[in-house]
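Going in written order, the chains are labelled A, B, C and D, and every chain counts its residues from 1.
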Amino acid sequence: MINVQDIRDTARDLLAKGEVRAVIGWRAGTRGAAAEPCVIHAPEEAASLVWDPTCVHNLALYLVNDRKELVHAKKTADKPIAIVAKGCDARAIVVLLQEHYFKREDVHIIGVSCENSGVIDTRKAAPLLKGFAPTAIAFDGDDFAVTTAKGQQTLASREVMADRCLECRTPFPKESNSVLGEDKSGRDFAPQFAALQRFEEQDEAARWEFWQRQFDRCIRCFACRSVCPMCFCDECVVDSIEMKIAPETTAEEKANRIRWIERSAVRSENATYHMTRALHLAGRCVDCGECERVCPVNIPLRLLNTKMEREARETFGFEPGASIGGPSLVASFRDDDPGEFIR
Amino acid sequence: MSMEKILDKARLNDWAAALAQGDWQVHAPALEDGVWTYKPVAGDVDLDYPNTKQPPKDFAFPQREIFFAFEHIKGQAPKLVETKPQAPQCAVFGVRPCDGRGAVRMDRVFGENVNDPYYQARRENTAYIGLACNSAPAPSCFCKSVGGSPVSTDGLDILLTDLGDRYAVQAVTPTGEALIGAADKLFAKMAAADKKQLDKTHAEALAAPQRAVKDAAGAPAALKAGFESPVWEEMAKPCIGCGICTFLCPTCHCFDINDEMTSMSPPKGVRVRTWDNCQFPDFTMHTSGHNPRETLGTRLRQRVSHKFRYFHENFGMLQCTGCGRCVSECPVGIDIVAVVNKVAEHVA
Amino acid sequence: MSEKRTGVFVCHCGNNIAATVDVKKVSEAMAQEGNVVFSKDYVYMCSDPGQNSVIQAIKENNLDSVVVSCCSPNLHEGTFRENAERAGISGFTCEIANIREQCAWVHKDRAEATEKAIKISRSAIRRVAGNKKLDPIAVPVTRRAMVIGGGIAGIQAALDMANAGLDVVLVEKLATLGGHMLQLSETFPTLDCSQCILSPKMVEVSRHPKIKLMTYSEVQEVSGSVGNFEVKVLKKPTFVDAETCKMCDDCAQVCPQVVPNEHDLGLTARRAIYIPFAQAIPASYTLDESACLGLNPIRCGKCKDVCEAGAINYDMRPEIVTENVGAIVVATGFDLYPQEKILEYGAGNVEDVLDGLQFERLCSASGPTQGHVKRPSDRAEPKEVVFIQCVGSRDPANHCAYCSKICCMYTAKHARLYKHHVPDGKAYVFYIDIRSGGKNYEEFVQRAMEEDETVYLRGRVSKLHRTKDGKVRVMGVDTLTGLNVEIDADMVVLALAMEPSQGTADAARVLKIGRDKDGFLAEAHPKLKPVESVTGGIYLAGCAQGPKDIPETVSQASAAASKVLALLSKPTLSHAPTIARVRNSHCTGCEMCVTACPYEAIRLENGKAVVNEVLCEGCGSCSATCLRAAIEVKNTSPMQVHEMIEACLSF
Amino acid sequence: MSEQQNYEPKIVAFLCKWCSSAGSDLAGVSRIQYPANATPIQVPCSGSVSPMYILSALKKGADGVLVSGCHIGDCHYIEGNFLARRKLHLVKEMLRFVGIEENRFRMSWVSAAEGAKFAEVVKEFVEDLRPLGPQEQLKAKRA
C-alpha cells in the first residue's frame, strides 16, 4: 500500500532541490470526497497532495496542457515538469513520447503503482451507500474506506472499482523516474474485453439498435475529447472553423474548412464523431477510461475504444503505450496483416 | 396564489393521462441508461427523482433549431423558406424550482430586448409543472444563496409539493389553472390541515442547510474588481475545456448559426442554430487567428462572470439559479461556488 | 471552394460516348454548376478543331480551370493539359472526367449512363475547383542506365544505349552473358547458328568502354525514382579473378565435385569449378560455392593448388555494390514451364521425353552430343521422334491460358533440324493450330512439312508412357481423320510453354513494378506503351514482358533503349508537382507520416514534417495517416475529395 | 416492394490510379458491362484513402463504399496498399461493431489487367447491397 507521505516527500524534494519546475498531482477537491488534479510549484504545497481511490483522472492530460501553455507563451522550459502517474497515466505518457509531443527529459515521472487496487466508480458505489454522498474516500488495504453522513464503511474494491481498473493488466507505471509500490502487472481481476465480447455476440441489428440510441443521446459537450490526453490536437475534425491560424494560412483555408461533421448534435453527426475519434485513437488509446467516466449522459465510450484496442492487440500484435520507440499502429504494417476481407 | 388544490398521489398518473389524452404532450423525468431525462409519457409519471441531468431548457431552446431552408438555382434569385417550429403543447412534469427560475432568465434573454420567434413559439406552448425540493436533491445545490428557494414558483405554471401520500398543487399562472381544469375532478380542495402541512414543509425546506455563495449580492462588484485576478487561471488549472458545465446549465443560451447543406448541385440546405459553448476554444476565435479567450482561465472567467456579473448588469438579476449541475457534473471538480467565493475573497 | 471560372468540354468521341451518354444533357447539367461559366459538347474533343476550341474558350471566357469529359486520363490528360498551357493557364488546372472507359463503354442504359456521366463530370469540376496552379519540379537526372538480364534482350538494349554514348551497367545473375539464346542450336526462320550471331555481341559488350558488366550479380534493392534510382547489386563471389584466369581448365580437371551442367540442361555434367561453355563472357572460370567441397585448403583446395596463374581466391566474399542510374531496363527473360507439372506426359519422369531446350542442346555442335542427335537413355540415334506443341500453353484449366507464341515455329525448326541430322528418321508433330505469322515464317513451316516430310497431326496427345522395348508410346487423336493415333517413338520433344523466369518475378518484387495475371511484367499500356512499365524510368524488354521470338525481342530491346535515351537526353527531368505539402500550423511532429512514407521523403525539422519534393511521389499515404490533416497531396486534398464525394452522391 | 425494386444502391468507389482505375479502364476497353451504380473517384493510391472519406460518404448518403487498390506486393507506391489494408480493416471493424451492415463497405484489389474482375466486383457489390435497402444509419437528415 502506498503511503501518501512518500508522494509528498518526493514532490517536495524535487521542488526544493529545483529539479523540476512544478509537480502535477491530486489534491482534495472542494466538493465532497473527490480529489481534483492540481499543479503545485512550491515545496510547501506538496503537503496538499493526496492519493486515494478518487484519483481517477489521467494526469497526462496536464502534461499536454503544460506543453500548450508553453507554446502559447512562446517559452521553453528550463527544467522538467514532474507528474504523479498511475499505470494508465504512464502508458499515456509513453504514447505522447512516442508521438514526440514532448521529450523524455522534459518529464519527471513519479510512478505510483495501483498494486492490487484501483480507482472508485462512484456510480457503482452509490447504491451501496444508500444515496448518501461520500465525504471522504480512502484506501483501506486494497479496499475502499468510505465516509458518509452515516459513518464509515469499507467497500470491497472489486465491487466498486472502475471497470477499466478491473480489466487493467499493468497497474504499474512501466516508464518512470521513481516508483512507489509493487509491480502487480499481469493481475487478472476480470477478463479483458469481456463486455466487448458480450456486446459482439449480439446480432447486427441489435448492435445498431444499441449504438443509435447512444449516438442520439450525445450532446456533443466534447468532454470525452477534452479529457483525453491523446486528443491533443489543437484543431479537431469536428471543429467548424479553422483553429490553427498561422501567417501562411490562406483566406481560402479559413473560409473553406472541411465540414466533415456538422455542429448539430444529431445521430449522423454524433455517430461520425464518435467513430472518427475511436479510429483516431486506434493503437493510441491506453484504456484509462476517462472518456467514459466523464460522459454526462453515460455513453459507454470504452466499448468503442476497447474494440479498437482489441483489434490492435489481437489482429496486429500491437500494444499501445508499451514502448516509446516503436512505430504507430496505422503508420506501419506487417506483411501478414489480415486481408481476407478484401475481394 | 390563484389556485391551490390537493392531488392524491395515486391520481397523479390519471392527471397526466388526462392531459396526454387532451391537447398536451406530457413529459416527465425517466431514467434512461442511468441518466434522468425528460421523456414523453402516456401518463405514468413518477416524481421520485433527484433532478434531471439536463434542465428542461431545450423545450423552448432546443440544441438544434432550423431557421429556414434555402436553395440557389443558377441564374435565379435564392429561394428562402422559413421554418416555423411546429411546437406541440408540452406539459413538463417534475421541473425543480431552480430550473423554473432558469426559464425566467431564458425568457428574458429571448423575449426582452429581442423577440426570438423560434423560442417564443416553443415557450408559449410549454407548461412547467414544478416539484418543490423538500430536501435538496443533490449535495451540490445552492439555490438559496443566489436568491432562489427550494419552493420557488418562479417560471413555473404549477408547483407540486410532496406531502407524503398527496401533492399540494399550486397553480400560479392561467396555464397552470387550465392544466388543473383539464382534469378538475381528480383534485380536492386544499383543507386547512393541508395548508398547514404545506407551509411547514416549505419552511423546513427553506431552513435546510445548503452550500452557499458567500455574498451573492456582492458578487457582481467583486467579479468586476477581480477581473484581472490570478485566481481565474489558478482555479482553471484542472479545467479540461469541455462543455458539460454550460450545456447542462439551465440558463446558458449561447448559440452558433451554420448552414447545413442538403445538396450542392444546386446549392440547397438549411440554416440552423445550435447551442454553442463559451468553454470551447473556437467560441471567441477571430478569423485573424487571434483568440481573446485562448486560455482556460479566461474562459472560466467568462462563464462565471456571465452568471454572476454580466447578466446582472443587463437584467438586474443573477443568472445562476444554484442548480449545482456544473458543480456535480464537472469531471475535474471545478466548483462555481468555490470560484466566486475565492475571487471575492481575493479582491476583499 | 473558391470562386473559379471553369469551362467544361464534353466529348462525343464520335459515337463512342454519345451512343450511350446524352452528351448534350451532360453539358447542360454542367452549365448549371456553380463555378462553370462555359460548357459545350463536341464530336471529337481531341481533334485539332476540338483542341483549338478549348484554347479559344479559355482565352475568350477568361477560364482559369478546365474539365474535359472524355476518355481515360491515361490517353488525353496530357493533351488537354498542354492546351491549357498554350492558352496561358496552368496545366494542373485541367482535369479529365473519364466518361468513356468508366461509363459509356460499360453501361447500356442511356439514362443511367448519362446520370453517371453527370456525376463523374461534376466530381471533376469539384476537384478542379480546388486545384492549384503548380509548376513541375525540375530534378537533375543521373545520366546512366542499368540493364537487368544478360540475354539477347539485355545485350541489345545495353549495346544500343552504350553506342549512343550512355554509360550502362549490365547485371546478369549467371556467370555468363548469353541467356537462353545461347542454348539454341539454330534459329528460325533462317536456320543460322545462334551462337554465331550472339557471341560477337557478347564480346562487344565485354569490351565496350561504356558498359560496366556485372555477371554473377543480382539486384537486391532499388530506391529512388525516375531519373535517380539507387540500386544495390549483390556481387556473388566467383572465387576466381577474371583478369588473371588463363582459361587453362586445369582447375576443372582436378575438381572432384561433379554436378549437372545447367547450360546443357542437365544433359552433361560440370565440375564445381567450371566455365559454363567455352565462349562464356566474361571468359573466366567460376567456383560454384554450393557444389564445392568447402573453399578451404584443408578440405580440398585442389583447384587452388593446381592454378598456376594464382587466380583462385577462397577469401572472396559477397559484395554489395551501389549503382546510381537514371533508368532501368528489365530484361529478365523466361523459363520453360516445368515439365514436372505436365502430369499427363509423365511429369518429367519418362526417359527420352525432352523439352525444347534440351533438344536444342542435342542438335548443337557445342552440345553434349557434338551435334549428333542421340537420345539420352541409350545414346542411340532416334528414328522416330514425336514433337508435341502447346504443352502447358492454351490450357486455362490446367496450365497457362496464353499462347506461348514461339512454339509453332521452333517445333517446325526442331523437326527440320532433326531431319537434317537424321535424314532417314520420321518426325511427327502434334498441334492444335499452326500460328506462323511473321516474315518467312509460314514458308518455313511449309518447308518442314513438304521438304522435310514432317507429319503434322492435328490433335492433342492424351498420354504417353515408356514401353518395355525402350520406346515412348504416344497416344493421341488425329482430329482431321478422327482416328486414334499411337506412335512408339524413340524420343518425344515437348514444346513447353514459356513462363516468366524466377528472375522476372524477383525483379518485379524488387522494382515494385506490376505483373499481369500470368506473371509477366505489366506494360504501362498494352498498345501505346508496350515497353514502359507502370513505373516511370523502368522499361521492359524481351520475354519478361511476354512470350516473343528473337526478332521481336531485339526490337523491343532497341525500343526500350531509345526510350531511355530520350528520357536521359536532358540534364533534368520534370517531376510531377502533385506531391505532399505540410500545413505547418497543424503539424505536431508526431512522425506518423515519416513512418508511413514509402519513399523516406519526409523528415522532421524543428518538430515539423518537411517533404523532400524530389523523393515524394504523391501517393498520399501520409495524408491518410495524419490525424491532424497536417499533410495533404497537392491537388488531391481531403477538401477536394470531400467535395467529390458530395458530387458523386448528387449531393 | 416496388420501392425495393426501384431502389438503386448509390456507391462511391475510390479507385487507385495505377491499378484499379486502370483496371476499370480495361473493363471499358473490353466493353464488359456492369451496373452504373458506382461512381468512381480516382485517388493516387488506396493508401491515401482516409477513414474520413468512407464515413463521409456514408454520411452523405452512400449506400455502399468501395475502396480498390493494387494487389499486395504490386502497389505502385511500394507499400501504400499495406497501409490501406491495416487502416481500412479498422474502419471495417468499426462499422461492423456499431451494427452497420458489413456489406456496405467493400475493399478489393484489382490490377490494371483485371478489367473483368473490376466489373465483377461492382456487380457483386450492387447485388449484395440491393437486399439491404437504402443506408439510413449514418445518412445525415437535415430537415
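Following the convention adopted for this analysis, a contact is a pair of C-beta atoms (placed from the backbone, for glycine too) under 8 Å apart; a residue touches a chain by one contact, two chains touch by 3 or more.
Fair warning: this is a prediction, and the values are worked out from it, not measured in the lab.
For the pairs C-D and A-B, the larger set of C-beta contacts lies at C-D. Chain geometry summary: the mean Cα position of subunit A and that of subunit B are 31 Å apart. Work out the mean CA point of subunit A and of subunit D, and you get 35 Å between them. Each chain gets a centre from the mean of its Cα atoms; for subunit A and subunit C, those two points are 54 Å apart. For subunit A, residues touching at least two other chains, in rising order: 234, 237, 245-246, 249, 260, 262, 266, 330-332. Touching of two or more other chains is recorded for residues 51-52, 56, 79, 83, 87, 140 of subunit D. Contact of a single residue of subunit B with at least two other chains is seen at positions 260-262. If each chain is drawn as a node and touching chains are joined, the picture has every node linked to every other. The residues of subunit A lying in touch with subunit D in their complex are 200, 204-212, 237, 260-262, 266-269, 271-272, 275-276, 278-279, 282, 304, 307-308, 311, 315-316, 329-333, 335, 337-339, 341-343.
Every residue of subunit A that touches subunit C in the complex is listed here, in rising order: 99-101, 232-235, 237, 244-246, 248-249, 252, 255-256, 258, 260, 280, 327-328, 330-332. Chain contact summary for the complex, subunit C toward subunit D: residues 72-74, 98, 100-109, 112-113, 115-116, 119-120, 123, 509, 512, 514-517, 522, 534-535, 578, 596, 598-599, 617-621, 623-625, 633, 636, 638, 641-642, 644-646, 648-649, 651. Listing the residues of subunit C that touch subunit A in their complex gives 1-2, 583-586, 588-596, 604, 607, 625, 627-629, 638-639, 642.
By the touch rule above, subunit A contacts subunit B in their complex via residues 29-32, 34-39, 57, 61-62, 65, 69, 72, 123, 133, 213-214, 217, 219-223, 225-227, 234, 239-241, 243, 245-246, 249, 254, 262-266, 290, 293-294, 296-299.
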